Every structure is written in C-alpha cells, then in structure tokens.
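In the two assemblies presented below, chain A is common to both, partnered first by chain B and then by chain C.
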Partner chain A sequence: MKEAFVMVGFLEITLVIFMQWQVYLKKIVDTFSLSSYAISIFLFVDGAILNNINLLILSALTAVVRGFFIPFFIRKKFRKEYYLEREIKSVVPTAMSIVLSLFFVVVGYIVYHATLYNSIGLPGGSIPIALLFQGIFLIMSRNNAFVQLIGYMVMENSLFLFGGYLFPELPLVIEGGILLDLIGIVMISGIIMRLREENVSNIIDEFKEFKG
Partner chain B sequence: MFLYYLPLIVTVSAAVICFAANDKISKILTLISASVSIPVSLYIWVLNSVSTQFLYIDAISKIMLVTISIIYLTTSIFSSSYFKHIPKPLLKKNLYWAFLNLFVLSMFFSVMVNNLGLIWIGIEATTITSALLVAIDNNFPSIEASWRYIIIVSVGLVISLVGIIFIYDQTHTLNIANMLKNHASESRIILIGSAMAIVGFGTKAGIFPMHTWLPDVHGRSIAPVSAIFSSVLLPSALFGIIRISQIAPFEDIKQFMFILGILTIVFASIFMINQKYYKRMFAYSSMENMGMILIGISLGKAGLLGAMILLISHAFAKSSVFYLTGNILSAYKTRKIAHVYSLVKNMPYTAYGLILSSLAVTGAPPFAIFIGEFFIISAVYHIYGFAYVIIILLALLTAFLSINYKVAKMSFSERKSTQKTKDEWVSALIPLINLTLSFCVLFAIPAINNILKGITG
Partner chain C sequence: MLYLLNGLQLVYVVFLSPLIIGIFIKLTERFESKKGPSIFQPYYDLYKLFHKQSVVPKTASAIFQIVPYVTFSMYLILTLVLPIITAFPLSFGPIVDFIGGGLIFGAIGVLKKIASLDSRSNYSHLGTSRASSIGALSEPIIILIFITFGVISHTNNPYVVNNIMQTSSQWYFSLVHWFVVFAFFMALLIETGKLPIESHSNNEFGMIDQAIEMEYSGSELAFMKWGGYIKQFLLMSIFLNDFLIPFWVPMKVGLGSVLIYGFIHMLKMLILVVVFAAIQSTVSKYKLFKNFEYVAVAFTFAFLAILVYFTTGGSI
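Then we have the complex of A and B:
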C-alpha cells in the first residue's frame, strides 16, 4: 500500500495546485470533491486489504460527507448564476501562488525529514505535511470565504489520509466525531458566508477597528 | 453516577426544547438549566474525582465546571435584559437561547470527558455552537468577525489534531486516565505532537501568535457573548493544554508553554497601549490573563495553584467588565474610548463597577487575581530567575496603566453634552454580583488549594 499512499498523496498535491490557479468556485469545489473521493477509495482498498471494518466505515463516511454532501451543500449556497461566480482578485497572483504551492511541497519534505522521518520511517510521510501547508496557503492567499473553507478542508483531508493509513486502529468514534464537527462547521459557515456576501460593507470606518 | 452527567443532560434538554419553544419558555428553560447546573457542579466539587470509560473528572474539571455554571447563569440573566438593545438580531430569541445552551453543553463536555480526541471534538464544537452568537448583531463587522473566528480557530484546531495523532502514535490510546497512568516516554514525536496540540488549543485560548481572531470577536460580539467567551471559553481551551501538560510532563514542553505565555503577555500589553476601542482593549486584557495562566500551568505546583485562582477570579471579573461595556455601548452607541465621557455622572453604577472591575482584571490588590499572579510570579522567580520576573512585571504594569488610565478617562472626563443615559438595574446588578464573586475567590483559596493537592503535590 506504500506505493498507493504515495500515488494518492501526489494526486492530492496536484489537485490542490489545480485549485490554486482556478478562479471559478464551482471548479474548485468539484476538485475538492474529487480529492475526497480519491482518499475514500484509498481508505476502502486499505481497509479491504487489512480487513479493517473501521477503515471501511471511514471510507464510506469520507465519500458521503466530504465527497458528496459538503460540495453539494456549498454549491447550493452559491448564487443562482454560480457557474459565473469567480474570484476576480486574489491576495497572491495566480502564477506566484503556484510557485509558492510547489515551494511548500519542498518545505514539507524538508520539515518531515528533519523532524519526523526517523520516528515514523514512512517514505511518503512528507505528503500530508505538504498538504497541510498548501491548505493553510490556500486560506491565506484567497479572499473568498468558500475557497478559505475548502482550504481548511484540504488540511483535514491530509489528516484523514495520514491518520487512516498510519493509524487504522484510531477509534472510529474520534474520526466520526471529527466528521460531524466538519458538517457543523460547513453548515454554520454556509450561513455566515451568505450573510457576508449580502452585507458587504463599503464603510471603511467599520474596518478600522480590526486593525491593531 | 447519574449526578455527574446531570450538567450535560440539563443543558442538552434545554437546548433541544429551545429550538421548538417560544422566546419566553426558552428564556425560562435556560435560566432553570443554568440554575440547576450551579448546585450540581458545587456538589460534584465535594465528591471524589471520577474516572470511567466516558468521564474523567479531576480537580481541574471540577474548577472548570463550577466556573462555567456560574457564568452560564449570570450570562443568561444579563442576556435577557440586554437583548432589547439589538435592533435586528441575526437569530430569533429562542435560537439564541438554544445556541447558548449548546455552547455551554460543549464546554461542559470538553472538561468532563476521558478522551483526548473527544476533548478536541468538544472544543471544536464550541466553535460551531458559538459562531452564530458572535454574529448576532447582524451587521457586516460582526459577520466578518464571526468568519475570522471560524476559519482561524478551525485551522488552529486542525494543528492540534495533528498533534493528538502524534501523541496517539506513542501512547496507543487517547484515554486520559490510561495516558496518565502509563506515562509516555520522551521522544521526538511526542514532543512535536504535544507542541502542535498546545499551539492548536492555544489558538482557541488567544495565545500568541494565533490570537488574531480574539480582539475582532470580543470587540464585535454583543456584551453577554464577549463575557462568556472571555471568562469561560478561553479557559476551556486552556483546559486542553492542561491535559496535554499532564500527559507529556516534559521539560521541553513546559519551557515551550512558558515562552508562549511570556510572548502572549508582552504582545497583549503592547497592543493595549494605543488601543482606541474599549472592548478590544479588554480583549487584549483577556489575552494577557490567558498568557499568565499558561505560565502558571507550565510551572506546576504553586504556579498551577496561582493559575487556577487567576482563572476563576478572572472569569468573574472579566465577565463583569464585558457586561458593563454592554451597558456603555447601549447608552453611548460607540465603541471608541474617546467618545465615552462623564460615565460617573451619567451611569454611576456602571462607572464605578467598571473602575473596580478594571482594577480587578489588571491584578490590583485585594482582588484574587493579584494573589493568583503573585503565586505565579513567585514560582517564575524560583524556577527561571529574576530576569523573567522583570519582563512579566513590566508587561503587567503596562497593561495596568493602559487600562486603568483609559477607564478613568471614560469615567471622569467632563464634556458638555445632551447625553441622556441612566443605569438599568439588572444590567448594573449582574456585573456587580460577578465583581463581588471575583473578590470572594480570596476566601476560596484554601478550598482551591485543597482540591488541587493531588495535582500540585
């Protein structure tokens, strides 16, 4: 399964880089859905090989919650002309964001080999760390709340990939609880994001308070 | 055993019914639920510590339960009188009560469970249940603050989840009782895991450098929400750090916590100097107090005793401060310090309450915060020497002068105006009760010391 882990890991990294250069929100959500399905398939195969029922349940939960429900919910929260919804201006220019994304892959590799490699000994262990960095960067480099939420979920996806592979015996109640929390976060965020779009304020004075 | 579950049962029942009930019934149910929680928590305080498959209630849990219960009741009473000041609330009143109950439920859950993973889930659940409470004012800044809160805190908590997985790798269990029984040996992976967990939980507790959500949320949410956030939500997140420090009691981890605590109080006090908004100023004061508590936790023994005294006393005093800022905001319609004046003349109870509460939260004697800080600073002197004591004292002095000078200015400065304001009795009384409780913590110090004996040695 080591090769499969590395392959799925690289696929995840590629998909996040794809998200990084996308401006259309629907495509970003679809890409996130695809990346979740990839993790779900990996967990399913791993669970089948190890004959581990927890992993099989986790795989099903990942597919249903992360692959289907959350992208479906986010798409519903888009405006009617959602296919047109795009982020016109991001904090970091697209080309630079891709370069930085690749840079974080290298940083993840260096950090992993400097700190955890001797303890864990997993050859592709730097992949989840790189994904964590990329998730954080996606949040920081975009203004759009939907993309920021997806950045957060990319971070969580990296954990599911890492935790599911290295610690298949991790109690299911914990991972189930994390998924339930995620559903809660997404639903509450959906409300807040919608309000945020509807209430966009041009009164600069209202933002002065947020400084300092 | 049923008694231990009662705080959870009462709050979850109140929350569920509030979703279906009308405003009045929701309010009454919440008040009943909060009133029941206090005697139950006090009774749990005198009972033996308990460790079952699901529950782990030790001295720290008991302290947290009592503090949360009392703040739950005072916030519920204050909310019922404050709600009329919100012109177009985001939620219907019954939903406000429902989310308030769920929020308290998630804090009760976090401090009672016997599983590190479930503590994480509980603390993450506090974000879900409180995000809409932050945005209740229903204007763009409060919605923006709520969004920043969700995203920053959630990212921080993912970092702590990575840390918890690393800890699990070494301990092969997340059961707290088992982890405390079979101490994990010091290894690089458990050190990294513990540090990540501390940074993650520290994000929620307003610990530097992931504190940035805190002033936005405290500054923009309504007074009762700011009060409950500052007084019990931040300590509930610190509770996660306490558990980590018990599971991984290594010197490197203690030093890491100590440095984070020092950085937090130094940066918070610097931010307070030029602060133009009174709610944000008190938010930074909360950050400074959480930094001091973190230092106390890192030192253990007398430091931990000081941290617990500070935690309880700060909860009462800071909730009092935020209730009072709500009174000022509803009367003066501004958050700017420069635009608030003649408080003593216009709202005497609020003014004197604010002056005394500000003195309390900045560690003036004879309030218990002073005693808590004294214990912590003594422990710092014994372990790290005089240089760190000087840094801490300078930071505390800066915070003391910044806050009390600005509060005095708001209270005593005179200006010609047609401002017609007066105190409302519930809004003025509840903060004064909490202020009195903050002082009375002094008399509870022997009881706190006694209950902590098993932990502080």
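Then we have the complex of A and C:
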C-alpha cells in the first residue's frame, strides 16, 4: 500500500496544481471531486486489504459527501450559466502561483524531513504536509469564496489521506464527524455567498471579486 | 557496416521528415472535415522553393544568407548522434550526450535569431522576442528532464538511456519516468510550435518561430523549412525512443534489424502524429501571456519527477 499511497499522493499534488492553473470554477470543482474520488478509492482498497470496516465506511462517506454532494451543492449555488463562473482577478499571477504551489511542495518535503520523518519513518509522509501547504496557498492566492472553500477542503483531503493511511484504527465517529461538519460549513457558506451576490455586488462594484 | 548505417540514418531522417509533416497537415485537415493537401505537399513546396529566386533585404549582412546552410548542416550532425533507428552509437555518437545535443539545438536557435534580427524586419524581431521569452522558460524544463534521466541511468548518453528503458521494466513503469514523459511531451509541443502554444497561420499575432524566417525566400527558405522538418522529426524520435516507447530499437549492429525497425519507427511516428493532429484540432491557442502558465505546468511536472525520486528513491 506504500506505493499506492505515494501514487495517490502525487496525483493529489498534481490535481491541486491543475486547480491553481484553472480560472473557471466548474473545472476547479470537478477537479476537487476527482481528487476526492481518488482518496475514496485508496481508502477502499486499504480497508479491503486490512479488513477494516471503518475504512470502508469512511471511503463510502468520502465518495458520497466530498466526491458527489459538496461539488454538486457548490455547482447549484453558481448562477445559471455556471460554466461561465470564473475568478475575475487572482491575487498572484497564475504562472507565478503554479510555481509557488510547487515551491510549497518542496517546503512540505523539507519540513517533514526536519520534523516527523525520524519518528514516523514513512518516505511519502511529506505528501500530506505538502498538500496542506498547497491548500493554504490556494486559499491565499484566490479571491473567489468558492475557490477558497475548496482550498480548505484540499487541506482536509490531505488529513484524510494521512489519517486514513497511518491511523486506520482512528474511531470512525471522529472522521465521520468531520465530514458531517463539512456539509454544514459548505451549506452555510453557500447561503452567505448567495446573499452577498444578490445584495452587496449590486451596490459596490469592487466587491465583485468577493462574490461567490 | 557502421558507415553504411550512418548513411542510412541520414537518408531516413532527411528524406522522411517532410513526409511526417505532410501526414500531420493532412490529418489535421481531415479532422476538420476538409480534404487537405497531399501528404507529399512539403516535398512539392521544397522543390518549388529550390527553383525560386532568393530575395535578400538590402540592409541584411552576409549572416542572413549563411545561417540557413549552417543550421541545416548542424541538424545533419544531430541526425548522426541521436538514437533514431539504432540503439547503439553510430560513428559520431560518442561526440555528444544529451546536454551536447541540447547545446547544438540551442546554438541553432541562437543563429536563427541572430539572422532574423539581421533581416531588420519588425515581424522577424517580434518572433525573435517571443521565441526568446518562451525559450528562456522552456529550456530549464529540458535541462531538468536530462538531469532526471542522468539520475536514473547515471549517464547523459541517449543510447544508454534507451537501453536502460528497454531492459528495465522497473524504471519504465516508475512514477519518475511518467512524470518526465508528461513534462517532455508538453515541452515537445512548445519546441515543435504546436497548439496550444503556436498556430501556424498567416496571422502574425500568433506567430513565434514562424515569424523568424519571414524574410527568407528561395533556397534559403527551403533550407530553413527543411531544417525545421528535421528538427521536429528528431525531437519526436527522441521522445519515442528515449521516453514513451523505447522498445524494439536494435541494440546490436545489423542491417536487417535496423531496416525492420525503420518501418516500426515510422509506425510509432504515425501514432504520435495522430495524437498531435488530435490536439491541434481540439485545443484552441492560448493568448501569448497564457503560454507562461503552460510552461510553468510543464516545469512543475519535470520538477515533481525529481521530487518523486527523492521521496521514493526511485522504487515506485
């Protein structure tokens, strides 16, 4: 499973870089959905090998909640022409942000080897830390609230990958609880963003960049 | 025997490179539901150009006229030092490695840019400026790829890399290798001037490499174009033989095996041409400033290959 962990991990890193490249929200949401399915498949295979029912349930929950429901809900919250919805102005130029995202992967590698590597000893352990940094950077580099929300969920994905692989015995109630919390956060954020879009943007044009 | 194979490889590349371009153009047109020109059209174009009179700008120096011949000769040297239809070094093989080959490609690029600046044409200058900007960012990708292959094979010799890829399934299926393949494919689209980077039309807004040879005519233009065809053929062959499908290339000296592989190599090239034509017909051209994002992603893949190597020690 070590090989599968590294492969899924680098797939996740690549997908985040792809998100960093994209401007249209639909593509970013679809990419997030794909990355969640990849984690779900990994957890399923890990659960099947370890014969761990908790991991199997977690895999199903990840697929349903992160792979399907959250992307579906975010798409519903876009205006009618959801495929036109896009980031109007990035904080960091896109080409620079791709290179910076890569830089954070390297930072994750260095941080892991300077701290946790000696106690865990897992060669690919730097991947979730790199994903965590990439998620933070995705939030920082974009103005659009939905992309920032996805950046937050990328950070959570990294924790799921790390936790699911290293601590399969973690009580299901904790991981399942996080997923359910997430539904609440996404739904409330969606409502707030919709309200903001309908009211604030009409008054002040400069707020356009903040609307969801 | 080696001398015979040298000649064979030279003839193979020089005379088949226009055919590959002809097939590519034909396929692209067919994908767009057009009839398209004959696959031999590049040969007709070269024949026509060789029979036309050359017109040289009044202000241009001798460099402008010499460069097409010099660059064409340098492409011929490259043909003899890269694994095209043999996986064993030919007579000139030992004179350069990957970095050396890259330097010759770089030198050709520099000479072409100097010549285009010498033409004093605004459009040529525009092309030089664009090609330099993109090249400054795409060259590090190629260097990173060579470094990664150096790490894998402990050498920078393209023949050794091919032999290792042919014989080691561990390296061929490794994540490091596939990241490199993806990065090189993206770089290949840049170097061969394909979409989404460059569109070859009469519109100067999208021109990059095409604008460099704008002031050339007659046999000089024919040599520039033919050199361009050879460049594409060589880069595609390197991609196929050292990266994507390194199999079946003869590792031992023998005329029969080389001749048979010549046909196989054309089939491999045709597959790649179909992929190129499909991309050409489905992807739209990026705005010039968006090209840098594409280059950044290609750089990321090349860098991730090295990171995967350090993370896994090359075991995955």
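In this section, the second predicted complex is superposed on the first by the 200 of 212 C-alpha atoms of A that agree within 3 Å, B and C clash if a C-alpha of one lies under 4 Å from a C-alpha of the other, contacts with A are read in each partner's own complex, and residues count from 1 in each chain.
Keep this in mind: contacts are C-beta pairs under 8 Å (C-beta built on N, C-alpha and C of every residue); 3 or more make two chains touch, one makes a residue touch a chain.
No experiment lies behind these values; they were computed from the predicted model shown.
Once the complexes are laid over each other on chain A, chain B and chain C both fit without any clash. When chain B and chain C are set side by side, the one touching more residues of chain A is B.
In the superposition on chain A, A:Ile192 contacts chain B only, with no contact to chain C.
By the document's definition of touching, of the two partners only chain C reaches A:Met7; chain B does not. After superposition on chain A, the vertex angle at the CA centre of chain A, spanning the CA centres of chain B and chain C, is 150 degrees to the nearest 10.
Of the two partner chains placed around the shared chain by superposition, chain C is the only one that A:Ile127 touches, whereas chain B remains out of contact. When the two complexes are overlaid on their common chain A, residue A:Leu102 makes contact with chain C while staying clear of chain B. The gap separating chain B from chain C at its narrowest, counted between C-alpha atoms of the superposed chains, is 20 angstrom. Only residues 175, 179, 292-293, 295-297, 299-301, 303-304, 307-308, 310-313, 315-316 of chain C touch chain A when the two sit together in their complex. On the side of chain B, the complex with chain A involves touching residues 90, 115, 117-118, 120-121, 124-125, 127-128, 131-132, 135, 138-141, 143-147, 150-151, 154-155, 158, 161-162, 165, 168-169, 174, 187-189, 192, 216, 219-220, 271, 274-277, 280, 335. Residues 115-116, 118-120, 132, 135-136, 139, 145, 148-149, 152, 155-156, 159, 162-163, 166-167, 170-171, 173-174, 177-178, 180-181, 184-185, 188-189, 191-193, 195-196, 199-201, 203, 206-207, 209-210, 212 of chain A are the ones that touch chain B when the two sit in their complex.
On chain A, the positions that touch chain C within their shared complex are 3, 6-7, 10, 13-14, 17-18, 21, 94-96, 98-99, 101-102, 105-106, 109, 123-124, 126-127.
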